[in-house]
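First, the structure itself, so that you have it in front of you.
Think of it as A, B, C, D, E, F, G and H in the order they're written, each chain with its own count starting at 1.
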Amino acid sequence: MKKTVVIESAWCKKCGICVEYCPVKILELNEDTVYIKDSEKCISCGKCEQRCPDYAIYLQKTE
Amino acid sequence: MKKTVVIESAWCKKCGICVEYCPVKILELNEDTVYIKDSEKCISCGKCEQRCPDYAIYLQKTE
Amino acid sequence: MKMEVRLSGSGGQGLILAGIILAEGAISSKLNAVQTQSYGPEARGGASKSEVIISDSEINFPKILKPKILLSLTQKSLNEYLKDVDKSGIIVVDSSIEVECREIANIYKFPIIDSSKEVMGSSVAANMVALGVLSQLIDDIDTENIKKSMIKRVPKGTEKLNIAAFEKGIELFNMSIHANH
Amino acid sequence: MKMEVRLSGSGGQGLILAGIILAEGAISSKLNAVQTQSYGPEARGGASKSEVIISDSEINFPKILKPKILLSLTQKSLNEYLKDVDKSGIIVVDSSIEVECREIANIYKFPIIDSSKEVMGSSVAANMVALGVLSQLIDDIDTENIKKSMIKRVPKGTEKLNIAAFEKGIELFNMSIHANH
Amino acid sequence: MTERTKLLQGNEACVQGAIYAGMRFFAGYPITPSTEIAELSSLLLPKIKGKFIQMEDEIASIAATIGASLAGYKSMTATSGPGFSLKQECIGYASLVESPCVIVNVQRCGPSTGLPTSPSQADLMQAKWGTHGDHPIIALSPSTVEETFELTVKAFNFAEKYRTPVILLLDEVVGHLREKIEIPKAGELEIVNRKKPTGNKDEYKAYEYCEDFVPPMASIGEGYRYNVTGLMHDETGFPTNSTSETGKLMNRLFDKIEENLDDILIYDEYKTDDANILLVSFGGMCRSCKDAIKKLRKENVKIGLFSVKTVWPFPEEKLKEVAKNIDKIVVVEMNKGQMIQEVQRTLGKEKDIIGINKINGEVITPIEIIDTIKEEYLRCLVK
Amino acid sequence: MTERTKLLQGNEACVQGAIYAGMRFFAGYPITPSTEIAELSSLLLPKIKGKFIQMEDEIASIAATIGASLAGYKSMTATSGPGFSLKQECIGYASLVESPCVIVNVQRCGPSTGLPTSPSQADLMQAKWGTHGDHPIIALSPSTVEETFELTVKAFNFAEKYRTPVILLLDEVVGHLREKIEIPKAGELEIVNRKKPTGNKDEYKAYEYCEDFVPPMASIGEGYRYNVTGLMHDETGFPTNSTSETGKLMNRLFDKIEENLDDILIYDEYKTDDANILLVSFGGMCRSCKDAIKKLRKENVKIGLFSVKTVWPFPEEKLKEVAKNIDKIVVVEMNKGQMIQEVQRTLGKEKDIIGINKINGEVITPIEIIDTIKEEYLRCLVK
Amino acid sequence: MPSEIIKKNLRTNRLPHIWCPGCGHGILMRAIAVSIEELNIDKDKVCIVSGIGCSSRAAGYMNFNTIHTTHGRALAFATGIKLAKPELHVIVISGDGDLTAIGGNHFIHACRRNIDITTIVFNNNIYGMTGGQYSPTTKTGDFATTAPFGNIDKPFDICELACGAGATFVARGSVYHVPNTIQYIKKGLTHKGFSVVEGLSICPTYYGRKNKKGSAIALMNELRDKCVNITKKESVNEKELEDNIYIGVFKDIITPEYTDEYKKVLDKFDK
Amino acid sequence: MPSEIIKKNLRTNRLPHIWCPGCGHGILMRAIAVSIEELNIDKDKVCIVSGIGCSSRAAGYMNFNTIHTTHGRALAFATGIKLAKPELHVIVISGDGDLTAIGGNHFIHACRRNIDITTIVFNNNIYGMTGGQYSPTTKTGDFATTAPFGNIDKPFDICELACGAGATFVARGSVYHVPNTIQYIKKGLTHKGFSVVEGLSICPTYYGRKNKKGSAIALMNELRDKCVNITKKESVNEKELEDNIYIGVFKDIITPEYTDEYKKVLDKFDK
């Protein structure tokens, strides 16, 4: 069971917190939301989910 | 300059505190007030004055 | 009938309790009664009072302006309240108190405090002695009802002594009546 | 004359300040003006507005029910406030905004936000660019008075850039007018 | 004396009445002349599994009282003027979140610390207007010990029935008076409990605009998980900035009281049938009025009393009816003239309305009433 | 624009007016929509050796304000509904100890937290009746920014002159509105300072029953060493249980206001001379009334406005005079109907008195007033 | 689609919340949700009580019994709720202003009574809701809209205050140190007695702006750099001692709990 | 004829005071008078502020500027007075109820602000004025008119609370240990910053009677027997540790004082 990062763009307020603290630096902001530059590199550490004030980014279990 | 114990009977509420803690036990209560049984024995320690809640007993300087 | 009784003295003499017992006795005797008292820090040092109105009809205004009976256990309280008493009224005081008053016909002096000391060893039951005296001045209240209320209201274990004090009061009154006859 | 201007957008775009500067400019031009705004936490996320009424006589009721001019810097705020604007009114929006409205004759679209970026390097001066545009729509206010107020009200050190943004707004308007001609 | 005939203080009767009505929670902070209410509650509640707590101040007391109410308890707090002033903010909260509870104010002479042990009735207006913002309120004021018991029961009933705070406005005269009372048997007086929701838990709307204006109330912990807020809220209980929702909410709050005045208004008439002078009074001062009337009637003065028990909402219509054929109205109250303002508003200027007032900490005596009546209406008495 | 012509918010004008009047102490606790008053005070006071402090809550704020007043400072606090409710106990204290101070309430929509950013005028009654016990109060309510400045100056003047707390009842409409104001020059408006004692320090009586009812006031630290208490007190300021002393004190407190109504009552008439319909309003709603009147006058409706600035004491006599020949009275207020009660009481039932009210957080617009007038008085308009 | 933890514990139909971009409060609200979820507490028995403030708005978003009270009084309401129904898990969410300014008295008394309520304070060192006035936890020298010349007040140390007032579990976490914070909240929730968890939060909008500390990230970085675990306090040097902010568990003792003691009184009459 | 110290510092025409026979409050009031006298403070510059309670009645008897305020608010009034006129010696006299029940919030905030006020609390562990209800300092298990089955609340340690809140001088004396108490009050009065002196008092009328601890003398004896100087705390055994009441100076540090700091702000605009 793996976990992948999911983004709920409608809730993202673009604070940049997840971007800053992603240890592998794969997140980035655009005009509207945060997005994942390279989801392959995600190590599923969950730091983005923990610190996102708006629940707009999180890890989801995938089979 | 000596100090002698003075009693202001009108203010005494007869709580007995001064009587209890006079180290030489020379104070006593009657129906109306506290009184000094034997003023000669007073050592002018001031404990009665310090603890009288009603300022009815105190040491006064005498020449 | 309507009877207005003021019990006065100093705080701690138990006159509020006495008033309550008197009022409760009246109620048990199928009368109406109201009891009020003075409150507050200022009542601590000065004269304190407990008032009871007893009546066979509705009692509305609960304060007493002109007491029919004034009980005073201290000189201070007598001095304060004497002026309110009606000429036809009754004054009951402890023997230690001086009553300088010629207008009021009925002045009773009893050794109330001393009697308490006699019965209880201290003055704490003076209120009950006084109540005994008062019970004899108010015909419409059944003395037994006062006793019942007293037993209910005094601290557990002190019932007997209080009853004794009460009966002492009754005795004081009756003796004096005899003396007067 | 009476002119009712609503400046709308999202919180943080500085439209309250723009409204204040506009109103102050009006007052310096010997007119009356009142400025109001929407407040509160709810205003944070949603559409925020600042309203200015300018008149040469007394202004009593201070709220605007039917704005003569509506400025919108966000789509959300346009959607919310469009319905209030009179048919004869004027709408000024940023170029990024879609205006689906045929009834209102005067619709001006300008690259307000982009112009700010051009002048200031960021969108923070969009309010001043917009103010430049508005200044050209309200004849009775002396443009110099708006500038004076702006110099007084913007953070120290940013005066020049803000004036530049303001002038950029004037330029945008004048160019478009020429284009229209 | 039967088991149920008792000599009780007004304050004691209040506690007995409250317990009879189902009070199982009391939070308070001592203050003269209300303290006996807290004291007796602390003694009696634990014996019937009720909860008593002395809080750190009056604000905390009413807050805890409302909290317990939301948790499903019939709850009460008691205080006097200074504490009543402090409770005002939370009274508005209880009103807006529709939390049933009873707030007792045993009035004493104010303003400020005033004369803490002296009687007064000067918090009448405060009971209605003390908190900020418009809100409906019910306030009851008894004049005897027995009535104190009854009106305390009523206070709880109204609180539960209408989901509203109810103020029991005692005065020192009644609160500290001991007199005879016949304690009602269980079942003798009606006891009302709040309406509970029955439908689907997910669809529950704690602030529904229902027909009788009073939505059913779920308790915390019963599985409804709804939201309570002192912000304006919609039917679901969540905050709203909508002016139309706000209007609907506020109107419902007022409607639930105003549409039930028949149930809520309590008053008494005493010898008003043939009266040409009408005393209007409330609380302890009704007692002086009655004695005065008795005496004046003996002198053939046709005088009666309208005694107001539900002081808020003020029984305007009933007063109009009672005063229809009476021109001379005398409002007797231990304050500077508060209820008289309602009487003036209600009856207008055609009537000759005067007040007998005292604000120095003394009660108004029957004699004083008699003297004023004689002085003011000499002509009419003579005729 | 001259130096003195400014664009100011009502809240800002309040601070400017206060400083003009001599305010040198402000204690507050933030609350919407009053916060700007604290914020501007914190900025301006230190520059003129004044003192600003943010206290831990509203109770502490008014307490500190009174403390500073006793120490000789002209002092002020500001809040909105919830905080105003909390301050009530101490307002009574200020009244009884006769401590001059100004309490600003920028009203918002309530009850409870309500709609914190929406306007309302529902604390009118609370301003008079919010604290327990009878007490006199002065409350002023401005309708423009300029008037806010002026009435703030007046508020301080009354506070000092009559040794009393004065309530400045703003509403969100005026408090948050920016408009033109001409700041008066120094000396242009009268500034009143409290009367100071001059006699022998040992004989000073801080609560003397003097002829003008206002005893001179010594400040803490000036050598008078008198006693201040919220208990009933005699002329010397010491607690008393005497009902006669209490009566004398209370009467003096009321007299100092009631005997000076000529000085205290402020109001404005607008086109009332020939009016047959009279609007009565206060605060921000006067603005809507004026616009409505302008429009209606164009349609030849004879309508005018009595705008009440001193809302407490209510200018009864003046209203009677203005309304003498007018039968139709319309009271316009953002509440459930508060000032209308005073109007009803004052004018009686001969007049046709209606209210235009709103309690949902919206202002009453000129159109709404016009519509109501047309609806209600169609006949009289047509004639 | 929100995450499982959010769906299960928050009222997703009310989201996104009103908090500003980068506001720390959302991080703490999630930490509470995770804690409740991981402890598997019956949601119908959870009652969240809050006062007034940005932080106090949390209650309305959480899918439990939620009571949004008056400013500063949450703990007093909560005390009534808990005493009435001891079987409830009563959690108070409060701000630094709500809890320690106007609500300070109820706070110290709840600590003293040791009533089984868990208080989580979202401490952003400012009054956010009213627009950035200094609070009792604003540091000396910081700027605020009512401290235009720098704050001269000394701040409370909320944890020290709680200890002095008699709380039995006291801990401090931060929005940067989320796993620790969750751990402290869980400890608080399982602690029998009054527990206080201070969550250091950030207010970029007012605190950040007024103090020129910039964005949410800058404020987060400050938390990252200054926070030191209390267990390491002994080993730091003087200079650091002043600058550091200590996080961790400050107190964890067991003394009789209020509703338990009340039950003992009730039991006396049980027969 | 009263003694010199009484004549000089009290309003003898208002004496005897309303306190009950044996009430400890009179002893503490005298201790304050002696302290002021011995420190030779200008009496016109002394301002005594009190709240409501038996203890708070002290203000009316003392021959200084005296302000008898509302219940619990003395410190808030005093803060206004002191900030307005820093040259005054502001002394607050309060009861355990007045200061730590309804007044708790103002107390902790005055401690925090470190404003130069000396607070002397007459702690008799009961609400005397209202007739003997338990207070926040009533010991667990004690009886009171609102604790007929024994108090289940845990008491505050006022000195600990003051320390936790940030007070800079904290001491405890008693009506038995009068010379020590005078010494602490004098230290408090000369301390620059917020100082708290707790005076353990006795209420024979309510506390004594309810708890069958008898007369004033019995209560005084208890103080004599249980009070131990804080300096000896280290050397007592476990059992004693619990029973003992500690007196002495608990804290005495110097940090910036509020009105001084305010003055610095004012001075910025001085030129």
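Note that in this section a residue touches a chain if its C-beta (ideal position, glycine included) is under 8 Å from a C-beta of that chain, and two chains touch if they have at least 3 such contacts.
Chain labels with UniProt names: A, B = 4Fe-4S binding protein.
Everything quoted here is computed from the prediction, not taken from an experiment.
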Common touching chains of subunit F and subunit A: G
Graph distance between subunit C and subunit D, where chains that touch are linked: 3
Comparison of E-G and C-E by number of C-beta pairs in contact, larger one: E-G
Chain at maximum distance from subunit H, centres defined as averaged CA atoms: D
Centre-to-centre distance between subunit H and subunit E (centres being mean Cα positions), rounded to whole Å: 39
Chain centre separation (subunit E, subunit F; CA means) in Å: 29
Intercentroid distance (Cα basis), subunit G paired with subunit B, Å: 57
Residue list for subunit G, restricted to those that touch at least two other chains: 16, 20, 52, 70, 101-102, 104-105, 109, 136, 149, 262, 265, 268
Where subunit E touches two or more other chains, by residue: 32, 46, 56-57, 59, 82, 89, 93, 112-113, 116, 229-231, 241
Set of subunit D residues in contact with two or more other chains: 40, 42
Partner subunit E, residues of subunit H touching it in the complex: 52, 70-72, 101-102, 104, 127, 130-131, 133-134, 136, 145-149
Residues of subunit E that touch subunit G when the two form their complex: 25, 27, 46-47, 49, 51, 53, 55-57, 59-61, 63-73, 75, 89-90, 93, 220-231, 238-239
Complex contacts: residues of subunit E adjacent to subunit H: 29-32, 35, 38-39, 42-43, 46, 52, 54, 56-58, 82, 112-113
Parts of subunit A lying in touch with subunit G, wherever the complex brings them together: 6, 8, 10-11, 13-17, 20-21, 49-55, 58-60
Subunit G to subunit H touching residues, read off their complex: 101-105, 108-109, 112-114, 136, 140, 149-150, 152-157, 160-166, 255-256, 258, 261-262, 264-265, 268
